[in-house]
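Each of the next two complexes has chain A plus one other chain: chain B in the first, chain C in the second.
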Partner chain A sequence: MSIFHSLNSSASALTAQRLRMDVISSNMANIDTTRGKLVDGEWKPYQRKSVSFQPKQGQFSSFLNVAIGNRDRGAIGNGVSVSRIQEDNETPFKQVFDPTHPDANEEGYVEMPNVDPLRETIDMMSATRSYEANITVLNSNKAMLMKALEIGK
Partner chain B sequence: MDLYGGTISALEKGLNFSSDKSKAISQNVANVDTPNYQVKTVDFKNYLQEAKTAHLEAHRTDRRHLPFSPTTFGSSTHNYSSFRFNQNGNGVDMDKEQADLAANQIYYNALADRISSKFNSLNNVIKGGR
Partner chain C sequence: MAIPSIMAMGSGAAPNALKTAPTTFESQQKFGNFLKEAIQDVNTAQVQSDVMTEKLVRGEDVDLHNVMITAQKASIALNATMEVRNKVIEAYQEVMRMPV
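Showing the complex of A and B:
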């Protein structure tokens, strides 16, 4: 809990949303990549990656509050952090018929990455809006700190 | 002798509340995409209760020592565990957070203005109006 606590929280969110944008960029860039990973001597297409977030809880007081039973009275927290970047194993690869492709199988089908441009675009817009919201909060907190400096003038 | 008449300490409590609230709003907006995140709020009622029951004072060995009340910092944060706003279990209502942010900033500015003018009038009195 310091004077710049809220600025640090917003900054951590900016970092997290920027990383999310990076991952979305990587997905979009690799939308046609058929040689993403080499598994048992065979090329697998690029797999869509997604970012998952978790609240950053590193404060002693929050652990103490939980330990003494004040579960609903935990401390405010320290912003957000990226817990992991995971590959999407659920969505199946797209099958495209193209016998001339170097990575086509015996039937002439090529496995394409499971990246959906529509989904990525919506994710990107969501990340942009979250980023903007955090910028707004950051600016507001900055204005409050500047106002606090004016006390006594 | 009470030079400040309790005004400054009351304003200070208000500023503390506003500052804590801005921290909570920052945390909520930062976690707008976190699954299963519970919204945090700072309760004004608790702050008011603490301000009312602040008779508890530190023991002074001399009458001329400055009085101070115990600090109860960060004790009135609440989680809304039952509220879900999003499909992924997230409870952040972005419109509410933005409105709270604007209101909180104006409130903070108002308090800072008041405490500033209080200091100014004290300054005026000390200088004898010169």
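Showing the complex of A and C:
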């Protein structure tokens, strides 16, 4: 199915961007979640999650192609996949003064998730644009294939 | 003078051609098999598209874009088959139009 190779690569990118979007949705939804995780009998707020990507690992055939010197076949790549979803431990939790909150500490401060709505919005726009770009690539690929079918008409 | 030389060329080439060229029946079988396999592939793409659409409608865990892409693949494969078919029919009609 090598004529659909590029379509498959674009499809993997679309799937990856969808997953990124899902993670962003989760971050946005949990923007006020103070009980994200129970650590040593104490509630910790929700931690912002982010997605990292890696090139998709090839099938056996692509490794074989590289091994027998058919380099250009193996070097095209197979698209992208999500390597992992990690929690953001760098950004500190926001401290909000609210003594009436059930999760407030002795001084009346509540730890809020380290989710920044601005950052999430920008990430969301980036994911949307990437998705659109990949759909454009896909449509161009299809247009090329359909043009090829017109040869000799 | 010209005709014997052509005949000589023909006799020289004939034994080779006889060895390699398959009989009419064989070539028809091969062509038939090729056509059958090609159509089988196209059918597989269509069935895959159907399965994906059904999964989506049933609410299973499939991405919308994957459904669309599978449908597009099936459509491209079918279009390619149609082009081949059109060419074959064109060739057939060309032969049928040949004055005898």
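Heads up, the rule we're going with is that the second predicted complex is superposed on the first by the 133 of 153 C-alpha atoms of A that agree within 3 Å, B and C clash if a C-alpha of one lies under 4 Å from a C-alpha of the other, contacts with A are read in each partner's own complex, and residues count from 1 in each chain.
As a working rule, a contact is a pair of C-beta atoms (placed from the backbone, for glycine too) under 8 Å apart; a residue touches a chain by one contact, two chains touch by 3 or more.
What you see is a predicted model; the values in this text were computed from it and never measured.
Model built by superposing both complexes on chain A: chain B and chain C fit together without a clash.
In the superposition on chain A, contact of A:Ala67 is made with neither chain B nor chain C.
Of the two partner chains placed around the shared chain by superposition, chain B is the only one that A:Val80 touches, whereas chain C remains out of contact.
In the superposition on chain A, contact of A:Lys142 is made with chain C only, not with chain B.
After overlaying the two complexes on the shared chain, residue contacts for A:Phe53 are found with chain B alone; chain C is out of touch. Angle at chain A between chain B and chain C, computed from CA centres in the superposed arrangement: 30 degrees, to the nearest 10. Of the two partners chain B and chain C, more residues of chain A are touched by B. Using the contact criterion defined above for the overlaid structures, shared-chain residue A:Arg18 touches chain C, although it does not reach chain B.
Looking at the shared chain after the overlay, A:Leu38 reaches neither chain B nor chain C. Once the two complexes are overlaid on the shared chain, A:Phe4 sits against chain C while remaining clear of chain B. Superposition on chain A places chain B within reach of chain C only down to 6 Å, the least C-alpha distance between them.
Put simply, chain A uses residues 7, 10, 152 to touch chain B in one complex and chain C in the other.
Looking at the complex, you find that chain C touches chain A at residues 63, 65-66, 69, 72-73, 76, 79-80, 83, 87. Put simply, chain B touches chain A in their complex at residues 15, 18-20, 22-27, 29-35, 37, 40, 42, 73-79, 81, 94, 97-98, 101-102, 104-105, 108-109, 112, 115-116, 119.
Listed in rising order, the residues of chain A touching chain B in the complex are 1, 5-7, 9-10, 12-13, 16-17, 20, 52-55, 61, 71-80, 126-127, 130, 133-134, 136-137, 140-141, 143-144, 147-148, 150-153. Residues 3-4, 7, 10-11, 14-15, 18, 135, 138, 142, 145-146, 149, 152 of chain A touch chain C in their complex.
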